[in-house]
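Structure incoming, see below.
We just call them A, B, C, D and E in the order they show up, numbering each chain from 1.
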Amino acid sequence: MAADFKTAQPVEYYRRFLKEDVRPDGRELGEIRHTTLNIGSITTAEGSALVKLGNTTVICGIKAELCNPTAEEPKKGFVVPNVDLPPLCSPRFRPGPPSEQAQVVSQLMADIIQNSGVVALEDLCIVEGKLCWVLYCDMLCLDYDGNVVDTCVISLLAALKNVLLPEVRVSEETGDPVTDMEKKLPLNIRKCPVATTFGVFDDHYLFTDPTNEEECLATGVLTIVTTEDNKICCMHKPGGTPLSESRLQDCINRALTRAEEVRKLIHETINSVER
Amino acid sequence: MKEVPMSTCEREFILSAIRDRKRIDGRQTYDYRRLKVAFGMERGCCIVELGDTKVLAQVSGKIEQPKKNRPTEGSIIINLELSPMASPAFEPGRPTESGIEMNRILERNIRDSRAVDTESLCIVAGEKVWCIRADIHVLNDEGNIMDAASIAAITALSHFRRPDVSVMGEEVTVHSPEDRDPVPLSVHHMPVCVTFAFFDQGEFLLVDPTRSEERVMNGRMVVGMNMHREICTLMMSGGMLLVKEQVLRCSQIATVKVAEIIELIQKALDKDAQARQAGEKCGFAESVPSNKITTNKKEPTSVDTTAAAQHASQVIQEAGPVDKPVSNMLVQAPGTVQIGEGLVNTWQVDDEDMESEEDSTKKTATNGREAVAVSKPTERKRPVKTVSHAEDSGSEEEEKVVLYQGDVEMKSTEEPDATTLKQPTSSNSDKPAKKKGKKKKAAQK
Amino acid sequence: MATEQTLRSFGCEQNLLSRPDGSANFTQGDTTVLAAVYGPGEVKMSEEIIDKATLRVIFKPKVGLPGCAEKFQERVLRNTCESVVLATLHPRSAINIILQIIQDSGSLLSCCVNAACVALMDAAVPMKCLVSAVTCALTEEGQIVLDPDSKQEKESSAVLTFAFDSRENNVITCSTKGCYTPEQYQESLSACREASKNISSFFRQAVEKRMSKELKVKT
Amino acid sequence: MAAPRVCVPGERLVSTADCESGRGTYVHHGYIYSCLAGYMHKRNLDGKELPIVEVIRQKEDAVPRIGSIVTGKVTSVSGRMCKCAITCVERTTLREPFRGLIRKEDVRATEKDRVEMYKCFRPGDIVLARVLSLGDANCYLLSTAENELGVVLALSEAGAQMVPVSWSDMQCPKTGSKEFRKVAKVQLQQE
Amino acid sequence: MPGDSRRIAGPQDSRAPHWFGRQQETHQEAGGTRQDGRGDHDLRPVYLHTGVVSQATGSAYMEMGQTKVIAAVYGPREISRREEFTMKGRLCCELKFATFSCRQRRQHIQDNQERDGSLIVLQALEPAVCLDKFPKSQVDVYITVLQDDGSALAAAITCAALGLADAGVMMYDVVVGCSVRQCGEDQWLDPSVREEFRPEVESAGDHGMVTVGLLPSLNQVSALVLDGHLQQQTAVQAVKTCISGCQGIYPILKDCLVSSTRRNVPSLEQKSGQTSTDGQNGQT
């Protein structure tokens, strides 16, 4: 009958738990699900990372290709992030063109990359006005159990740190680029943005890292992205419950802490490969 | 959302009125509604009002590669947007039949009649040319979008100025407006559409039909014409038969109307030019009338932000310092690391400021805390923790096997081990179930 | 550091389109946004929600076709409106809000929110409270510039937009570009809150002016 | 008890000579095969000389079958019928709802002609119903024409959960106002 | 992608770096031992796991060497598109290659390989599923190839079947897929991507790829694809090899299923109680 109660009155169901300061999955309000990171497992990609945040799973593969820069910005390369939420990852997505959700998250990723300056587009330029790199960062969600934004950001950052680009020279005689697939160079990662998402329930309870159910029931969500120099590079609160500045400040502090932790995780992971 | 269907009696009324040479808005058969052309702040931006019908046009240009077959010609794109703003019947996304048709007419009328010289848009043959794009948004549909759109399009095109470009050998430099004055497009002639609505199998005709007239008409004819009485487009739709006299009559009327309209456009353009010469402020923001009851204006106001700084610091003070992470790394395999739950603490801080904030939540907040106080014997939390740890070892298992590179032997050894890993999840899930059983009873009480 | 900040002149015109149920034209300096509201009206079967109205925001750029960026804005604006509109009063119906950019000279998002709010009022859609938005820019020196124009935005290191509810002046929506410290965030937040009060008072004036005739009729 | 046998789809279990095929199994060339990955389970049904062999698993695919009891949430009510989203079949909760439909004549067993839909269901109510037939392409036909079937959970205008006071109406604990429903007689057999 | 306003667009055209690299296409040359040192008829190490997608009814993950495939099963759910009443259920398959799954970046939009891949998987699975058990509803199988290191199609078939079994969709039997690459005299079981490589100008003689879907315990072939040109007896030989390969994979799949079933052990009493009630309902 428990299941029935849940399906019949999900909101009431959650209220009961939150009154007790605990969530149906046994977490406390401020508790974040286990974060597992795995890098470099897709050998066909220049860089790859798989992140598991509780059940939510996102795999990010980065393919690097060569192209000509635009006339307006001859010194800049491209970073093209796309988040794919296929029907595989949740019953709420149907086959066909990207859902609104996918488009929104993709755009958020693009903004985060731009605002944080995680990669300087100038670094991707090889020959001014002639040749530059384009990094296709495709984040593929394999299991959609909420808080896909945080998961995507971690996977993106880890994958970028994992990228190795072949050395490119431009041959004098032909002027065509020649790549040396043997010599691989890492990418210069300037900033480490990490996102933390909060949910508001019943216009009162604030909790971190919402699951899919929680996202559906939440009366508002808030995503804060911070960099290692304790700066905020994206504060995204699309509508929902109005929040006072003190609560926002509290969220910011938690976000900073979380970001610290995740950066450690990524660092740790990269070392574990090298050693 | 759907259009409200038209009642039969209204339809009959309009028709009968037309039969005895009357129009419901009191116009004569060949009268146009009041035509107004206003220009925006940017170049190539204008709003055309034809009675209540309202259309916004914006011309923009960017440098692109020319088409292979026309290496020395720039391109002109005309895009008519039947915005959902104009009518509930218009859906966003893919254009409708009529939308495409009208877009075609516009293209024929302006692009195919070579109203704008495309050769002059060439910068470097075969490499760089200007691509001029005219976006026309219908803002309010009260009938005869066609004419309004065509007027807006040509007006915007002749109002537009593109940045000047100079070519030094390989180098192509695009000059900023401060650097060099932008240059206008070379507009050869100004074709404008005039729409005729026909009733009773073409027996009666009207110029510039309103929406209600459009809904009862059984056919329309669009005549695109310029000053020199050259017909640029002629489009008949509605599947009615016309006697050729009618067609001739229409073209005659068109010549007169076109002359009027173009004169008006010219006036407007000149007026705007003078205004810009005199350096007056222009743009729609200025053209908002302040005398109307529906409008309201406020002059620049100053805001005192002295308090901001200290208030901010005060807030941050209250929030207290950022606590350091208590993370426990679990290196599972080269390339796979995992951390457990990060911030383990409840939301005391909030409860504090909840109280300070509003009394309504105060009660819940406080007794929420009491609840915490009583219902937080550590052993209640413990199982959750242990469980979740067990579980993460599980998920870790999964992880490692899922994506640890190659080396399948170890995976297979993992396999039987992996059987343990689902147990915790199940126990985890039925834990709340028990809880809720209790709750359920509570509910029944 | 200057403590006096100026908001550009702003104005609005209500009910300027004949077709929509409500429409408004909001200008901040030269930035102009035209908003139209249809509904509550018939809703598509696929979008029907059984216990409240389906809110839809369509964000139309002036040039080119809408892409991901527009979808993103639409989501932000929709959620913002959802949190003030009393959608539960019109179950199984659709409320469409269309926003057309007429002129972008900075502080576009806040102008969109304000335009939408006025248009909703004009369409007599029931609302919990009003929502008023303010944009501010942070210069390289950390100076706050309220209601920046496009030039100031370009030169700034960060641009923050806040939308506040008119009851407790809490933050409904927050959208930012660029990097900044928490201190700067809080500072701009309280500065924008100050400014937002002017806007909501402006809303009130507009309504009072609009209703003035009707009042006379009543009394 | 001994650890029951685990079997996978296509696994041959027993011959039809010593068992009858039950759920999760099929017969092929005189043998009973499993068509699920699960536990083999033999049951002696009284009045049958042969035991029934079934394959049982935790996750089962639940589709409404004729006669099965389903839980649904009312989505819309019209004069002639009431549409609802089926959320549970028997005890298994569905991941995605099926569409169901209760016609006016299937609401209750007695005085069918006097039924007024609006006095029986409101959108948002949770109802127990029995599947009459698979219905047409998009809806299952449901019936509440039993005492145990009908509205089990409803919210009042005030938003409070109402308590049943008779077979035909429920009362709001907050305001005390009564509302008409086709109330189900809830049997208290919860484990 | 031009014209795709629903994704963040990159530059008009771009080329993969290896395209400029000195062409050292290291593909398996005829004769000679295989790169990973297997015998011609050896399988690569296989790893299978179920229940990887929490949101799905059932799911499975498979690795064959470096080839990584994930499959999720949803349903039985309502038939999405309105159609006439059917007493039989419907099975839908969608095979997708991740954009980063191959050496050459793939596009987001479904291409032909994916389209007929989906069709083949569907044909392989359909005979195995008891469609009559879920009237007028459909089961969706979504398969994504995360990395293609050869015989991805075969892996997709196996993985999908495992997913179906994990979802508890009634099946007459599981399905196992396996491929063989015939290159001249050599016949490679479970080829890697290098071995799948075919030069533009093919030398005379046999050249081709055979993929088989097998219902192992009923020992029936449900799908058979052959591209290239093989002589009749070679073809038959190749199919035989495939079948033996399938039989080689089957026990692993079985073990995986058994262990996953053990993992979520149902409390039998309660279960049987329920089933009995169900049974009665069935009769009424």
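Before moving on, here are some points about what is shown:
One rule holds in what follows: a residue touches a chain if its C-beta (ideal position, glycine included) is under 8 Å from a C-beta of that chain, and two chains touch if they have at least 3 such contacts.
Computed from a prediction, not measured in an experiment: that's the story for all the values here.
Where contacts are defined as at the top, ignoring chain D still yields one piece in which all remaining chains are linked.
Comparing mean CA positions across the assembly, the chain most remote from chain B is D.
Ranked by how far their CA centres sit from the centre of chain E, the chains are topped by C. Computed from the mean C-alpha positions, the centre of chain A lies at a distance of 28 Å from the centre of chain C.
With centres taken as mean Cα positions, chain E sits 42 Å from chain B. In terms of their C-alpha centroids, the spacing between chain C and chain E amounts to 51 Å.
The centroid of the Cα atoms in chain B and the matching centroid in chain D are 47 Å apart. Listed for chain E are residues 6-9, 52, 55, 66, 68, 74, 77, 260, 262, 264, each touching two or more other chains.
Shared contact sites, meaning residues of chain B that touch two or more other chains, fall at 315-316, 357, 402-403, 440, 443. Contact with two or more other chains is made by residues 91, 95-96, 161, 190-191 of chain D. Listed in rising order, the residues of chain A touching chain B in the complex are 1-2, 5-6, 13, 16-17, 19-22, 24-41, 43, 50, 52, 71, 204-206, 208, 230, 244-247, 249-250, 252-254, 256-258, 260-262, 264-265, 268-269, 272-273, 275. In the complex of the two chains, the chain E residues touching chain D come out as 55, 57-58, 74-79, 82-86, 128, 130, 133-137, 165-174, 215-218, 254, 257-258, 260-262, 264-266, 268, 270-272, 274-279, 281-282, 284. On the side of chain E, the complex with chain C involves touching residues 5-9.
Chain D makes touch with chain A in their complex at residues 71, 73, 87-88, 91, 93, 95-96, 126, 153, 161, 190-191.
By the touch criterion stated above, chain E contacts chain A in their complex at residues 6-18, 20-22, 24, 52-56, 66, 68, 70-72, 74, 77, 80, 94, 96, 98-103, 105, 108, 140, 142-144, 146-149.
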